[in-house]
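Dropping a structure here in structure tokens format, bear with me for questions.
Labels run A, B, C and D following the written order; every chain starts at residue 1.
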């Protein structure tokens, strides 16, 4: 659905000389947020149009190969699973030079109304995620 | 096994006015790392003594209640699961004022030798984690 | 005026094995924000009471001694300079074990009204910062 | 000398709805580090070739206009000042849509030998920075 590329820098790495385990989460969010912005599905739009906003319900990351300082990576987002009131985005972190899968991430968001109760995933979001 | 307390600050929160979903991961790592340091099990010790070091294999977090700016929280670590070559630490993020469980996190580390092959969890680490 | 202590963790350090140069800024902000919260001077209070809020105008940090993984540090805040519409907080980062001055930081905030024009530093803030 | 572009995301912004004051520092470092990597002047190269490495001596940022969620920005690096044993990089943070100068940053690095004593700025670095 969307992809963001970046080069690992000192900001992302830790004294072990490899990527800090939490650094990818920020790139997952950047990829998702930029996609919502491009699709006109940012929270600023979603709230007036559908009365819905989102909070994180779950996130996770599995690390296959340690990212190393100055590696150039892609964060590629696809639709994971769409439930009744939540959607999961899945992300592959891929190393550019050899297309190795470095890590896999996921974020699950739940849709809430203004009183904080879960509501169905807005139709526009469902279509944007699945193309159906 | 160990606990660290902190107050949510602007550094941890995002424009939604609640905790940024990735912010807890840094607190999980702080709690674990400080524990290894206190137990003499830091990577700087582990490598010369057992020829083993660790990389992250998996991490995750489930969010129950949104943390709000200035909430005072505890990050409490306990042993999750110990496998042959990996160990999982489990973390509860607890709000001080009412002991509500705000979030649950986990980090799985795999132990490697200098050539990058998985090795058994060092005995001292196993004892420190399980008390057995 | 206020102090926060912390131990440098993987989250704060970079592949050079020492503190990441930007890591202290988050601790400066934590120290200042916690102080505003304790004094009842948080933006949530300031805005309804005085119609003023703050944005950062300038920040800086001078590094004297590299912080090392697991160093225990204090971030100590004092009043820097109070101008007509801005105030500067000064911070000393001090290593606990020998009281060495590791770094010095500063943050300058400007006070704005709802239309974004600079306004005089609220009297309560001035008193809290200077004791006068 | 080099420029990096990025879009402000939740990771960069705080509950005030604007950029977190410390967020730019990570972009300054990304711009500088990527430049050193492109020029073959990364610390990994510098140390074996010239026996020199760098630590941060000072950093700072002046904020002119608050960055807002989803703003697309450029971080443009130029040579600030070159001293005997240190060099300062200057950075302009520019908003793409109207080329407004959002913020100005700077990082001063000092060059050290293996015993931690300041050494002259390596000739290759001086040439790369000044073109002379």
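The rule is simple: a contact is a pair of C-beta atoms (placed from the backbone, for glycine too) under 8 Å apart; a residue touches a chain by one contact, two chains touch by 3 or more.
As the structure is a prediction and not an experimental result, all values here were calculated from the model.
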**Prompt:** Matching B-C on over half of contact pairs, by residue number: which of A-C, A-D or C-D?
**Reply:** A-D
**Prompt:** Which pair wins on C-beta contacts, A-B or B-D?
**Reply:** A-B
**Message:** On a C-alpha centroid basis, what's the spacing between subunit B and subunit D, in Å?
**Reply:** 32
**Request:** Calculate how many whole Å lie between the centre of subunit A and the centre of subunit B, each centre taken as the average of the chain's C-alpha atoms.
**Result:** 22
**Asked** Of all the residues in subunit B, which ones touch at least 2 other chains?
**Response** 10-11, 16, 22, 26, 29
**Complete:** Listed in rising order, the residues of subunit C that touch subunit A in the complex are 10-11, 13-17, 20, 22, 69
**Asked** Can you list the subunit D residues touching subunit A in their complex?
**Response** 7, 9-11, 26, 29-30, 33-34, 37, 42, 70
**Prompt:** In their shared complex, at which residues does subunit B touch subunit A?
**Reply:** 16, 18, 21-22, 25-26, 29, 43, 53, 55-63, 66, 107
